[in-house]
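Reviewing the structure listed below.
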Amino acid sequence: MVQQRFIEDSIRYDGSQLSSLWAYRSYGIQGDSIVSFCGPCQVSFDKMVDLEDVIQGETIYSQGMLHFIIEHFELDLEKTVLRQRLFMTIIKEEIESKGQYRLQRKGDDLYWIDNEQQKRQKLSVSIATLSPVSTMIHTGLNLQTEGTPVPTVALAQIGVKDPEEFARRIMEKYSAEMKDIYAARCKVRGVE
Amino acid sequence: MVQQRFIEDSIRYDGSQLSSLWAYRSYGIQGDSIVSFCGPCQVSFDKMVDLEDVIQGETIYSQGMLHFIIEHFELDLEKTVLRQRLFMTIIKEEIESKGQYRLQRKGDDLYWIDNEQQKRQKLSVSIATLSPVSTMIHTGLNLQTEGTPVPTVALAQIGVKDPEEFARRIMEKYSAEMKDIYAARCKVRGVE
Amino acid sequence: MVQQRFIEDSIRYDGSQLSSLWAYRSYGIQGDSIVSFCGPCQVSFDKMVDLEDVIQGETIYSQGMLHFIIEHFELDLEKTVLRQRLFMTIIKEEIESKGQYRLQRKGDDLYWIDNEQQKRQKLSVSIATLSPVSTMIHTGLNLQTEGTPVPTVALAQIGVKDPEEFARRIMEKYSAEMKDIYAARCKVRGVE
Amino acid sequence: MVQQRFIEDSIRYDGSQLSSLWAYRSYGIQGDSIVSFCGPCQVSFDKMVDLEDVIQGETIYSQGMLHFIIEHFELDLEKTVLRQRLFMTIIKEEIESKGQYRLQRKGDDLYWIDNEQQKRQKLSVSIATLSPVSTMIHTGLNLQTEGTPVPTVALAQIGVKDPEEFARRIMEKYSAEMKDIYAARCKVRGVE
Amino acid sequence: MVQQRFIEDSIRYDGSQLSSLWAYRSYGIQGDSIVSFCGPCQVSFDKMVDLEDVIQGETIYSQGMLHFIIEHFELDLEKTVLRQRLFMTIIKEEIESKGQYRLQRKGDDLYWIDNEQQKRQKLSVSIATLSPVSTMIHTGLNLQTEGTPVPTVALAQIGVKDPEEFARRIMEKYSAEMKDIYAARCKVRGVE
Amino acid sequence: MVQQRFIEDSIRYDGSQLSSLWAYRSYGIQGDSIVSFCGPCQVSFDKMVDLEDVIQGETIYSQGMLHFIIEHFELDLEKTVLRQRLFMTIIKEEIESKGQYRLQRKGDDLYWIDNEQQKRQKLSVSIATLSPVSTMIHTGLNLQTEGTPVPTVALAQIGVKDPEEFARRIMEKYSAEMKDIYAARCKVRGVE
């Protein structure tokens, strides 16, 4: 079971949270988990794990984001990238379920197409990686858009007024989907 | 790379297509693949792999469906259930990208909510399982709705007029997403 | 989490229970599980999975046993043999915890040494194997000793008067130990 | 095959021995191994791998212990925790086989219940973890009890007068059990 | 350790030998093994595991071959194909080590180029596959060439006069190489 | 697919190239790859990953080598040692295919036996190891022989006059063989 926790304190995400057993060391959460909190986001180059960004000189910065840190205690990174994509889908489905705003998913990125301005605005950053004992995901959703390196949209602009309540629903859905996926694996006979 | 093939002949899906190396034996496609075809769907109880359906006495029947058979040559079924969920998401995103129709995903099922009739109509059936040498997915999307065991919606009712062209786009997107997921696994350094 | 269930009906163990998804098909238990029941034990040669017994012409027979069927939905048989050994240890520890009777474990077999008669008496049979979708364990503990192929001891002779209550405690301990083992995996940092 | 070696020199266990290829670098033992030695035990906080202890501020200290370092060259930590539990069981069985002293196992901890004083005394410390190329276990059994952070019992108090001879028997049994477990994996046919 | 055994009786290879635990059921060899014997080779279509041959209508027939059956008790087929390629290499190296005859390896096939006749002659057939509990390899080397479906060369024509002695050397080298490969895995530290 | 790249600049191999994502960070090659270049070779003790060399005090030095760096994004080191052995075989087969020079393979080492001087001369160094996100191979083939710690032979002495063209052929063959091995895994049905 994927344990869920929303941390009410603001935490500056600087990449150090994407390290093994962060949830256990910080909050006593032992086992697979998803933890969420709000706070600014600034990752220095030496903490960046996405070498694509490093190569392209892209920085990760936001004055305010809703963050998620996910940890699964196994070592198959491709599997955790699959989980990450599904996690982005869950966020997209949740925002769209309110009926008004439509998002576009490109791999692990979510965008909002502002039809008036005909402009694609980025909602999210996300990365999946390996630690020595687990695989981990970080996803950040913009709460503020000032000063971001690319045009961005904030959750409040697309209908999400209460980040905590939104985070709790997303975490609940992710945990439920992971449980359901394991159950799906446990109901089929093999074929020839 | 996931190879793609649309079979223009109508094929009756009776469950026998969900067996290892079906694409290789039938069409010479060697390696991970996604194959699509149209045809009726009727799976007898002894061919059903979803024991949940067997236990609940649910039959799988449709006069016409757009079928997909996916095979990945590895043995982690949970991972292939993750792929299956993402595949259903790709179908949903493709249908919704035309702007008019909204679907709901519940695990590996897709539904259309007919707002006039306030009725949930099922678009899809899907299952993922293990063969002795691979993992496999079957997904069927309704082309016809007469005589189905539950209320259903057909692709044509939600904007998909050309199943073949739709199938080709879906297969292209699935293959691209799988390639992109592997690439995402190959661009990150590990963390502590 | 390993789900637990004691079946109150008597069931003749003939080897057919050691097949994938038996707990799901029979009792609706989906996922990793341990199920227990009482009943005779007779496995015909074609149902025997332990080829060592087949080669040596050993039959498996008892007029009454307390049975356990364990299923873990992964495919590492060596790992499930490790679980099986630990399961036998849990049974041994539970019997010995009452203070009076001492057992001897030889691999996956439990024996009682009758000090008066200086005779080794077998308490258990056990096997671990692979199904197409899972790994499985069967363990049987003698409730009766008449007609067994080798000298045996029954649970009642070594202090276990209530098999159901004993089974429930064993299942609880196995489930707790498996949970604890996963937790132990989720509390350590890696080393150099 | 798990190679065995008793080191006659006293070695202070400070956590640095729990690193990959320690047996190879120090003693030329290449491959899966169990190595034993006697010596004091003091692990500084930065060397502790059990974050549960770190969080709870528990220190690991003993003036004298019988140590075991086990290394298996694969990367499934849950599997090595299963091995660790079985290893503790082997120690318990060996001590109890002399007939007089009874131990209690709680997960990976061994205790002796002193019936006169009605006090639980700890015999062991143990941890399992991952290195970049292997999984590893450390187990320490008290040879002295002065100054330990919790009430402890020493091997000599429960019948083990010769630690080296005891260590050699334990290592022999662990190696034999691992070999037997692999053999058990290689004698069964699969089931449906 | 890969156990080795040469069977002196002639055995007709009909594909039934390529089934799990054949060495254990037939000769009591438990664990990873390589077994060799001489005998004709005729595999009926329903026993063929190489669907490439089935599709192309190729039959497998020889009046006399030196056969090898290899079994590894794990489930990674790609890894066993790697082992198979290395096994063919070992055969090639052994034949060439006598100095006179040169072979050509194409994947898992060995050929001899008869320079006088400028003709490529096939020495071997080989296949690797999965059983429910293991991976398996069959390799056959021609002892006779009459009636084979393609032009073939026999071992005796390329300097191997004593098939049994040759088989024993090949098995010894395969077993040693597998041991050496595991050792190579156990002597390196990880890198960044 | 294993991507191939020959780097025309001379690069001093000092061990730092054997680190994860080197090909991606240096040349933008994302995914499994084999990269080749020429340059001197000098690895300081702290960069050596082969602890066998470290223990034996063996240094790695050459004034000029043809280097190959291979990276596979999975974590099974034994499997990559199998790949490494096959890679050495491909080099051997390519050199021998010209007809004149015969090499000897000992594990992952290639030697040339100079028949006149009756001396064994080493052609290669090679190592396989794990990074946090991949497995990696380095192989170096001597271009110069002055000052090497053991008697060596250079590629030019055994018929390879154009290292770049040779490297390109080797990389092409390795990539093709890996592709072929995966294909071989995808054409067989399982057996009993």
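Note that the chains take the letters A, B, C, D, E and F in the order they are written out, and that residue 1 is the start of every chain.
The criterion applied here is as follows: a residue touches a chain if its C-beta (ideal position, glycine included) is under 8 Å from a C-beta of that chain, and two chains touch if they have at least 3 such contacts.
Quantities reported herein were computed from a predicted structural model and do not represent experimental measurements.
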Where subunit A and subunit F overlap in contact partners, by chain label: B, D
Tell me, which chains sit next to both subunit A and subunit B? C, F
More than half of A-F's contact pairs recur, by residue number, in one of A-B, D-E or D-F. Which one? D-F
Farthest-lying chain, centroid of Cα atoms versus that of subunit B: D
What is the chain whose Cα centroid lies farthest from the Cα centroid of subunit E? A
With chain centres defined as C-alpha means, what is the inter-centre distance between subunit E and subunit F in Å? 26
Here the gap between subunit B and subunit E, centre to centre from mean Cα coordinates and rounded to Å, is 40
Once you find the CA centre of subunit C and the CA centre of subunit F, what distance in Å lies between them? 50
What positions in subunit D touch 2 or more of the other chains? 20-21, 24, 51, 73, 75, 77, 129-133, 182, 185, 187-190
Chain pairs in mutual contact under the definition given at the outset: A-B, A-C, A-D, A-F, B-C, B-E, B-F, C-D, C-E, D-E, D-F, E-F
Quick check: in the complex, which residue numbers of subunit B touch subunit A? 18-20, 49-52, 76-79, 81-86, 89, 93, 96, 102, 105, 107-108, 127-132, 136, 177, 180-182, 184-185, 187-192
Within their complex, state which residues of subunit A touch subunit F. 51, 54-55, 75, 77, 129-130, 132
Sites on subunit A touched by subunit D in the complex: 21, 24-25, 28, 73, 75, 132-133
Counting only contacts in the complex, subunit C reaches subunit A at residues 1, 20-21, 24, 30-32, 73, 131-134, 182-183, 185-190
